[in-house]
Structures are given as C-alpha cells and as structure tokens.
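Take a look at these structures.
Shared chain: subunit A. Partners: subunit B in the first complex, subunit C in the second.
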Partner chain A sequence: MIKVLAVCGNGMGTSLVIKMKVKKFLDANNIKAEMMSCALAEAKGYISQGIDIVLCSHNLAKNVDAPERTTLLGLKNLMDEKEFGPLILETVKARFPDELS
Partner chain B sequence: MNLKEHLLAREAVKLQASATDWKEAVKIGTDLLEAAGTITPQYYKEIIMSVEELGPYFLLAPGMAMPHARPEGGVLETSFALVTLKEPVNFGDPDNDPIDILITLAAKDAATQNEEAIVQVVTLLDEEETVEKLRKAKTMEDLKKIFAELENE
Partner chain C sequence: MDFVLSIFMGFINKFLGQPALLLGSITFIGYLFLGKKIYEALAGFIKAYVGFKILQVGTGGLVGTFRPIITSLSDKYGITALVIDPYFGQTSATETLDAFGSLQYVGYVMLIAFAFNILLVAFRKQTKIRTLFITGHIMYQQSAVLLWAMFWVLESAGGNPASPLLVGVIGVLMGTYWSVTSNLIIEATQDVTDGAGFTIGHQQMFGAWVAYKLAGKLGNKKHDVNHVETPGFLSILNDNVVANTILMTFFVGGIMLILGKDAFEYNTSKYFFSTFIFEKTALFAVYIAILQQGVRMFVAELTTSFQGISDKLLKGAVPAVDCAVTFGFSPNAPTYGFIFGFFGQLIAIFTLVAIKSPVLIIAGFICLFFDNGTLAVYANKAGGRRAAAIIPFIAGLIQVFGSALVLTVLKDGPAVIGWMGMFDWATLWAAAVLLADKIGIIIPIIMIPLLLVIPQLQYRRHKETYFTTMRDEKAEA
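The block that comes next holds the complex of A and B.
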C-alpha cells in the first residue's frame, strides 16, 4: 500500500481533481494506494507523517518541500492520464516494485 | 445539488464572453457568483492574490481553468460558475495557455462535501468531444443539451 497525496492551493479544488483521476488510474493498474488530498499549507504536516508520492500542479511544485523518501511529481495537465500515468508507474516500479502485481 | 442545477438555478453561466486578460476572465465568473449572492467581493481579490503568489495553480488542462480560493476568502455558499470565452486568454502557463473554459469554484466547507460536485466538473471536462461542444455553445439551450447528453451516457 503506497501513500499518495494530492496538493493544491486550498485543498478543495484542484487536488480533488488530481485525487479522482489518479485513484482511477491506480485502481485500473491494480496498485493499492491510500489517496489523500490537502491544501499547500497542510502539505508539510501530511508529508512528515510519511507520504510516498506527492502530486500537484507544476506551478505549485516549487512550494512543496519533499524529503528524500517522498517523490514529488509536478503535473502540467492534471487530467491527462498520458502525463501522470507513466510518471506514477515509473516511480512505483523504481521504489515500490512489490506493489505491482 | 448537481453541477447542472448549480449552474442553471443561479444563472451562473456566461457563454462566449469577452475578456482582455486573465484577471478579467476570472472576474466574469466571480461577478456571476456575487450576483447570485454566494460569494463576497473579497473572493475575487483572494483568487488574484493567490495567483500572484503561487502562479496559476488552478489550470486543469490545456484550455481549462477552475479558478478558486480558500473558503474563508469570502465563500457564503458552495457554488459554481461556468464561463467560456470567445477569444482565449493567457494565464502565464505555456503548457495550458490559452484558456477559454473557466469553471469558477466557491467551496464553503470540507472536501467531502464538494467531492461530488468536483466529480461532475471532471466528468464535464473529461471528454474532448464534450469540451468541444462546450466551446461552441452559445445559448443556455445548447448547454442544457450538453448536460442532457452527459446524463444519458
């Protein structure tokens, strides 16, 4: 089970869009994940509790502090599986190969 | 209430609008919600300030934006506005500019309450075909037809 966090400015708009799209993708690929979403201001708290992958708009990525154990993915197109899909698969393959069935 | 009812009940829709820049485009949406009484004038300022601080964080995909700020930034009631532009505007994000579809989101409270409405925003903007129809829509009747087609799927 990997922990995935979607972050946006207020935690109620864009991050929910990301969460929804990415959850669908992970389910379709049989990757077990806990999906969370939050505001930028809350991201630090979430990340400190152990998050594996953080997703946000590439406009926000520079504002997110991610430690080494957390992979930060800044997305240009938040709704395009063709962009985030390969990025997520690559990350899971490299860091959590056991999660791929 | 679903997105369609939100938009139609509050007449929070402006199709084929004209805006000279991104701020004006955002304002068309917030003006609709102000007129509907669901946000205070502060909400527009909050969105502009957030973009100036963080960059255009609410661009969803090429051509599409979902302007919003925090609930305490002047949201009185959860609501949406739909704005399409005759001539697109740039938000300063080469990957998604130019933008001609804006869904202004004013969320009153916790995420779970809004999730259902966001699902509908995503559903509306997910299919290229629907987005193209939205771009071309000129009247409320056109819009109602698009929603009806979505519901029938």
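The block that comes next holds the complex of A and C.
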C-alpha cells in the first residue's frame, strides 16, 4: 500500500480533481494506494506522517518540501493521465516494485 | 387527512428543511444511483452531514469575529467595511438565509442548476452547450450567494422565507450561467492548455474570455511572462494561511488601529493592543481553515457523485473544473495577476476612502490570487506579460468598484460581512442584483434566454469544429 498526496493552493478544487483522476489510474493499474488531498499550508503535516508520492502543479512544486523518502511530481497538466501516469508507474517500479502485481 | 398532512409537513420542515440532512440525503441517493454499496452510501451521508456542520462552525466564527469590528466602524464613522472574498460572500449568504429560515433552499438551487446543466448538454444539438460544471465547492458557494442577493433585494422585506418561484428561477438561472460561461471559455482554455480537453468552471469565465480577447491588442504573446524571473519571497503568498493572515492583519488591523484601543474590550494584563489585533486578524485564517475543512468534507462527497453522474449520463461532456488547474500551464502568470491586481484594488480602495463612499472594501486573498491569477493566465496566452499586467490591474479596479456598488443594496442584512468580488460577480452579477433591486424578478427571468443566445452565436462562428472538443464526438469522427 503506497500513500499518495495531491496538493493545491487552497485544498478545495484542484487537489480533489487530481485525487479522483489519479485514484482511477491507480485502480486501473492494480496499484494499492491510499489517496489524500490537501492545501499547500497543510502539506508539511501530511508529508511528515509519511507520504510516498506528492503530486501538485508545476507552480507550487518549489513550495513543497519533500524529504528523501517522498517523491515529488510537479505537473503541467493535472488532468492528463498521459503526463502523470508514466511518472507514477516509473516511481512505483523504482521504489515499490512489490506493489505492482 | 389532517394527520397525514401533519406528518408530511413535519417531514418537509424537520427533514428536507434541514440543510445538513438534505445534503447528506442527496449524497446518499447519488451514491446508490452510482451503484455504490449501502455502507459506502451511509458513510457518504455522515461525512456530508458532519462536513456541513463543521462549515457552519467556520461561518459562525467569521461573522462573530468580524461583525463587531464592522459595527464599531460604522457607529463611529458611518462607513461599512466589507471583504471581497468568496468565503466572506458565502458566509454572508448562508448566515442571512438561515436567519430567514431559507438556508435549505441553497441545496435545491444547486440541484435544479445541476439538473438544468445536464439537460442543456443532453440537448446539445439544439442548445450548443458542451460543458458540465462539476466544481462542487463553487457550485454550492454560487448557489448560496445568488439566492441570498436576489432574495434580499426582491423578497426579504416581507420577512418570509424565499418563495418557491424565486428558488426555481434562481436555480435555472444558475444552471444557465454554469453552462453558458464554461462553454464560452472552451476555445480559449484549449489554447491556454495546449488542448487538454477541459474547461473552467469557476467564478471568472466571462472575465477570462474578455481578458483573452482583449490581450492581443494590449501586448505581444511572444513576450511570455514565464520567461521572467519572479522574486522568491512572493512564493509564500501561495500559502493560503499565510496570505490570509498577512492581508487581514494589514487591512482589518489597520481599521482596528484607526478605531483605537478604547473601541475594544480586552484584558490589558494579557495583551498589548498589537498582540490583541494580531490574534483577531489571525482568527480569520483560523475560521476560513475550519470552513474549508467542512466544505472539503461535504464537497468531496458531492463532487464524486457529480463526476459519477456525468460519466454515466453524459459521456462526451467537457468537464468544467477549478481555475487553478490552468496554473500549471503558466506558472508565473498567477503571481503577476496577484501583484498587479493588488495594485488595482489598492488604488480603488483609496479612491473609495477619498470620495467618502458609504461602503469600504477590504481585499481578500482568494479574489486576488485565484481570480486575477486566472485572468493573467488567459491574458498572457494572447498578449504576453504586458497584457498579464494591465488586465489584472484593471480587473482589480473593477472588482472593488463593482462589489462596492452591489454591497450598497446588500450591506444592511443581518450577517453581511462581504461579497464574492470575483470578476463575474463584480460585473455581470453585481449589475443583475442592482437591476433586480430596481425592476424586480423579471431581471433574473429574462437573463436566462439572453444568456442562452451566447452559445448559438459561438456555434455560428465555427460550425465544423464546434463539437470536436467533445470526447465522444471526436471518437465518432
């Protein structure tokens, strides 16, 4: 089970959209994951409790402090599976090969 | 017969008349409709209910913190100071409607609007509407604010709850606005996002469309704002808690200083006046965080069900999503929008002070960052950095003056602390409310067919490619 966090400025709309899109992708690829979303202000708290992958928009990526155990993915098009899909698969393959069935 | 009727009326008042129960039930039914398990639907009901109650803690806290400051300013100087921020608008709306026993109608407005949006897309061959609004937090907010504003100018004088006619008209009008404006901005959004296949369902579609159309005349699209380095310290403004607190300390703290120590009762052995001010102004960030936590909880449930319904009923519809989704395509533009919009708003606010306006406006974070940020993204695409500076600056002036105007007719409500402020709400909706105040309910009624003409005009301009943005249409071709 990996933990994935979607972050946006206010934690209201955008992160929720990423969360739904990414959850659908992970389910389709049989990757077991817990999917969360929050505002930038709360991200530090979530990440410190152990998050494996953080997804957010390009323009916010520099505001997110990700420790070594957390992979930070800054996206251009948050709605596009073709952009986040390969990045997530690559990360899971490299770091959590057991999660791929 | 009387017995049956009293049970029925009891159900209406004590169940459907309770907003939290109503929203919970909508979620529950939506989940069953989507084929979720009964225990999942029950969990959805509970989260929508609890989320709504958390939201009310936040709105109550905002009013409780801000009203005493507004009252003492208005007693001393005859000026009403109000914040332009969607959460302040939403709070004014729900707390005022609640005082008139009409808060539950917000849920009905939202449902009617969403259903009407679905209907318009289903008949897209005739209506030319291609988009479905699924931005849950915006849908709730706008339904609340539009119902409140129209109710206040049209019906509140009688002291009765909102009439079924008004609720119906506002619902259909809201759905028309969602459909027409998100449809209007499709082509521009496709350009901004390199054909990402979504559109914007937010608070400034009309504004972003105007920005995109005007920008080409103001600047050169080759001078992209993303080629410019922006100072690093500005990035702390991306954080809503930090930005809210700084803005409120600056504006509301300023007002409290002007009112002076004696206007407030506080424990002088515990506080300096300055630390007391900071505690008060930081409370805005506290209550907004609580409010958002509540909205997020019930909206997560609602949005999931809306998304599911749209996937089920309307496969090809273009989803209309939050404006910040475009920010990744132009990372510097929101900062530009924020800075130049802030200048515009400041100048407008000082002008209000100078002309001794009865309504003083306080700038809010969301309006500055998300509204002007979005306008800057669209302006930059068509007119580069010059347009991304000029348009948010002008928008800043419009946001303040338009909101101040509409607040002159709304400010006397029992719990009014602000207005939306976003571009479409400072122009289109401000004008609609002012006209409705003068002329009557005919204004919201007549807006429905007028707005519906817009997609017909759009269609005429490029008939061949008009529907190719839609997913299923493309697959068929």
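Here is the rule we go by: the second predicted complex is superposed on the first by the 101 of 101 C-alpha atoms of A that agree within 3 Å, B and C clash if a C-alpha of one lies under 4 Å from a C-alpha of the other, contacts with A are read in each partner's own complex, and residues count from 1 in each chain.
We take it that a contact is a pair of C-beta atoms (placed from the backbone, for glycine too) under 8 Å apart; a residue touches a chain by one contact, two chains touch by 3 or more.
Just so it is clear, the model here is predicted, and its values are computed rather than measured.
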Partner chain(s) touched by A:Cys8 [first = subunit B, second = subunit C, both, neither]: both
Which superposed partner A:Ala66 touches (first subunit B, second subunit C, both, neither): neither
Contacts of A:Leu89 with subunit B and subunit C, given as first, second, both or neither: neither
First, second, both or neither for A:His58, with subunit B first and subunit C second: both
Footprint overlap on subunit A, where subunit B in one structure and subunit C in the other make contact: 8-14, 16-17, 20, 39-40, 57-60, 63, 76-80
Subunit C residues within the subunit A interface of the complex: 135-138, 193-194, 196-198, 202, 235, 238-242, 289, 292, 295-296, 299-300, 303-304, 307, 321-325, 327-329, 331-332, 334, 366, 369-370
Residues of subunit A touching subunit C in the complex: 8-14, 16-17, 20, 39-41, 57-60, 62-63, 74-80
Sites on subunit A touched by subunit B in the complex: 8-14, 16-17, 20-21, 37, 39-40, 57-60, 63, 76-80
Contacting residues of subunit B [partner subunit A, same complex]: 50, 54-62, 64, 66, 68-71, 93, 95-96, 105, 107, 111, 114-115, 118-119, 121-122, 125-126
